[in-house]
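Have a look at the structure that comes next, please.
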Amino acid sequence: MINKRVASVTEALQGVRDEMTFMLGGFGLCGIPENSIAELVRLGIRDITCISNNAGVDDFGLGLLLRKRQIRKMISSYVGENDEFERQMLSGELEVELTPQGTLAEKCRAAQAGIPAFFTPAGYGTEVAEGKETREFEGKMYVMEEAFRADFSIVKAWKGDEAGNLIFKGTARNFNPCMCGAAKITVAEVEELVPAGELDPNQIHIPGIFVQRIFRGDHYEKRIEQRTVRKR
Amino acid sequence: MLDKDGIAKRIAKEVKDGYYVNLGIGIPTLVANYVPDGIDVEFQSENGVLGMGPFPYEGDEDADIINAGKQTITTLPGASFFDSAMSFAMIRGQHVHLTILGAMEVADNGDIANWKIPGKMVKGMGGAMDLVASAENIIVAMMHTNKAGESKLLKKCTLPLTGVNCVKKIVTNLAVLEIIDGGFRLLERAPGVSVEEIKQATEGRLVVEGDVPEMKL
Amino acid sequence: MINKRVASVTEALQGVRDEMTFMLGGFGLCGIPENSIAELVRLGIRDITCISNNAGVDDFGLGLLLRKRQIRKMISSYVGENDEFERQMLSGELEVELTPQGTLAEKCRAAQAGIPAFFTPAGYGTEVAEGKETREFEGKMYVMEEAFRADFSIVKAWKGDEAGNLIFKGTARNFNPCMCGAAKITVAEVEELVPAGELDPNQIHIPGIFVQRIFRGDHYEKRIEQRTVRKR
Amino acid sequence: MLDKDGIAKRIAKEVKDGYYVNLGIGIPTLVANYVPDGIDVEFQSENGVLGMGPFPYEGDEDADIINAGKQTITTLPGASFFDSAMSFAMIRGQHVHLTILGAMEVADNGDIANWKIPGKMVKGMGGAMDLVASAENIIVAMMHTNKAGESKLLKKCTLPLTGVNCVKKIVTNLAVLEIIDGGFRLLERAPGVSVEEIKQATEGRLVVEGDVPEMKL
């Protein structure tokens, strides 16, 4: 077993620098690497590019990095929950590349899987396809999209073991598995970190080979964006 | 004229037994409330869940179990969770039969725009571009006109497109229409709405053939 | 819940015909859809194309279909365990398309995921790349490969539920998940079939949306090709 | 001169701490037996397992748990099972650090042939083409000559290729060689084998620089 355990978030994020490109898991505030984001804020690195489906909210998630102006460029599919984001984008302070959600996921998965490019129908005929190669297959038009290239993937899982194996929970899974192994270094923070051998090998979502560093996150707020309930 | 729930109710009649359905944010989400008994469907949410159920009881909500609108949800027996790549494999691979989503504009050739107003609002396309480029059956749920009273059913979209030649049907507060070669074909009128009112509110080419029935809800 | 359960293998394979293309899961004899293969033999359909990593052995797995000359064409990565196969191939009776194993898996997954084509480095500079488009990305050469098109995918899982959800066991997983939803109709045979709700939604390998018909296989021989053991 | 176990033993020294390794069928499989203590490695088998252990005890074998050679195996703590697409994501995505495989022929530019003898034998490439096109480090384990006594280290492969310019190192019964620009560079001699004997057995360009040490096992 190759041990991927590191002692702390600080050790896990060793090597992050200004101007690097980061992939960050999560959908909205669900399944985001809270502890790592807090550490990126603390480290104060600047001019970074973030590949993340969303941009957090004003005072949580990636919104914390936006507020401190640490992000130069966002690559996302939906950014509608963040006023500060919209302000920076419309004023031109923040560069934004909007990508269809499925294409975003597949560009991560392609990087993970050593596929440099693939064809998708998403965005054909729209401004997303501008400047990109298009091609017909079986009478339908497709756009060629290339794999992402990033320095760090930072993901959050539910359970992990020392070998770096990961299990996600519910819809907190989302982009996290697709981002594992999709950057030069993958950092996984988990709620529960167990010795190798405790997880069922048949029920692992992401094998440890895709993860370079794993640590247990100290604190999870798990903020809910839209608390919707029905009466008993 | 229909309210939002009315639109959802009418769209629910389009949901057939055995369908996997993706519901967009807003009116489409309401459709789940009106699917008739005896019609077995499963709702997919592109953030990674199939088999969505109703909202949780107070106190049962789980931050790790949400839908694409970031609302807390529950799951039904037979549900599954999966990652975003697999979620869009379902969508892109046309395993999801029906997509119901909102729009800012629809053109009479089936083009749709719903993600951006240049210089004013950019929320992003989310999964909408994947959905409209992939689904075999796409129904748009929206108001017939915008807040300024201008038609949202156009000859040509003025806003940046989400997808081209993809919308199959539109259900608005005034009417049910399908896209045919060369226009919006009027299928049904909302209760109490005349063909003339629909004509007035439709900028794109409207095709009216024979008597247009009032919709049954 | 959309119920996918059918009563028998016969019902599950309704609609199979001569000259159709089948995807069949399994690696060697591990994780093959034994009951469905037996039914295809019984039905006696001919001139079929099989997409399967291997071709079985002389008297088991796809070897049974080969022996009855039901297969016109095999698309596989490795066929080294079957004398009758080699005989038919060298004599020209059987058409064979050999494809790198990872490309085979990805062509299935691409069909499942609505990706018409992708680039892979496998086979560049070899006869596998002949007649295919090649392209350079980041200084490395790749071959463009297209998604498979098939009429039926036939897979074998360990556990399944009425909603068509599947869980595989050990290395019997192999190509089975990648083939689900990669053909017009996907048939899954399982060792254990439970009511919807009994499987943990977080631990499902293949969601039921990718499966059209599911049934419990009557009998599994699970033959071992290379029984290798050590002394206690 | 080395036997098969000797070749495996020598290759085991190339396996570094923290490596994920894919072992081909035949001699490469034996390498697992000789990895020194204190070197943490995990063996991947392309049929869908990471963290392979030794063969099972008699009676413990499970038809559902095999390696790419179709042999019954066990797993070690930290192991995982996955599907073929994910397995080759590991390989193609260069997450597997080292591939050790056999060959029929290797050329002095790093080309390798190991899957087909036209008109005679066609077993197929299995995962070999993916492995050699992807891995950053590829070691070939083979006999220096074939059964007819002809060199398998050639100027140019005569058989259909498995991959081009990909082999990094070759360990045979006679020698350890690395591919450098323009030839096989002789790194080590097998015990009791002279440089002259290696020259005789090598058809491709052999580069001999200074004294060539005998290998230590």
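All chains are identified by letter, namely A, B, C and D, in their written order; residue positions are counted from 1 within each chain.
Keep in mind that, in the parts below, a residue touches a chain if its C-beta (ideal position, glycine included) is under 8 Å from a C-beta of that chain, and two chains touch if they have at least 3 such contacts.
According to UniProt, the chain labels map to these proteins: A, C = CoA transferase subunit A; B, D = CoA transferase subunit B.
Not measured: the values here are computed from a predicted model.
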item: Set of chains adjacent to chain A (CoA transferase subunit A) and to chain B (CoA transferase subunit B); value: C
item: Graph separation of chain B (CoA transferase subunit B) and chain C (CoA transferase subunit A) (steps between touching chains); value: 1
item: Between A-D and C-D, the pair with more C-beta contacts; value: C-D
item: Chain C (CoA transferase subunit A) and chain D (CoA transferase subunit B): spacing of chain centres that average the CA atoms, whole Å; value: 28
item: Distance from chain D (CoA transferase subunit B) to chain B (CoA transferase subunit B) - Cα centre to Cα centre, in angstrom; value: 55
item: Centroid distance [mean C-alpha coordinates] between chain C (CoA transferase subunit A) and chain A (CoA transferase subunit A), Å; value: 32
item: CA centroid of chain A (CoA transferase subunit A) to CA centroid of chain D (CoA transferase subunit B), Å; value: 36
item: Multi-chain contact sites of chain B (CoA transferase subunit B), meaning residues that touch two or more partners; value: 49, 81-82, 85, 88, 91-92, 134
item: Two or more partner chains touched - positions in chain C (CoA transferase subunit A); value: 106, 109, 113-115, 120-121, 168-170, 201-202
item: Residue numbers on chain B (CoA transferase subunit B) that touch chain C (CoA transferase subunit A), as the complex places them; value: 18-20, 40-42, 44, 49-51, 75-82, 85-86, 88-96, 134
item: Contact set on chain A (CoA transferase subunit A) toward chain D (CoA transferase subunit B) in their complex; value: 1-3, 109, 111-115, 161-163, 165, 181, 195-197, 201-202, 204, 207-210
item: Residues of chain A (CoA transferase subunit A) that touch chain C (CoA transferase subunit A) when the two form their complex; value: 106, 110, 113-121, 135, 137-138, 140, 142, 146, 167-170, 201-203
item: Chain B (CoA transferase subunit B) contact footprint on chain A (CoA transferase subunit A) (complex, rising order); value: 27-31, 53, 76-81, 86, 89-90, 96, 98, 100-106, 108-109, 120-128, 158, 168-178, 205, 222-232
item: Contact set on chain B (CoA transferase subunit B) toward chain A (CoA transferase subunit A) in their complex; value: 45-49, 54-73, 81-85, 87-88, 91-92, 111, 115-116, 119, 121-130, 133-134, 160-165
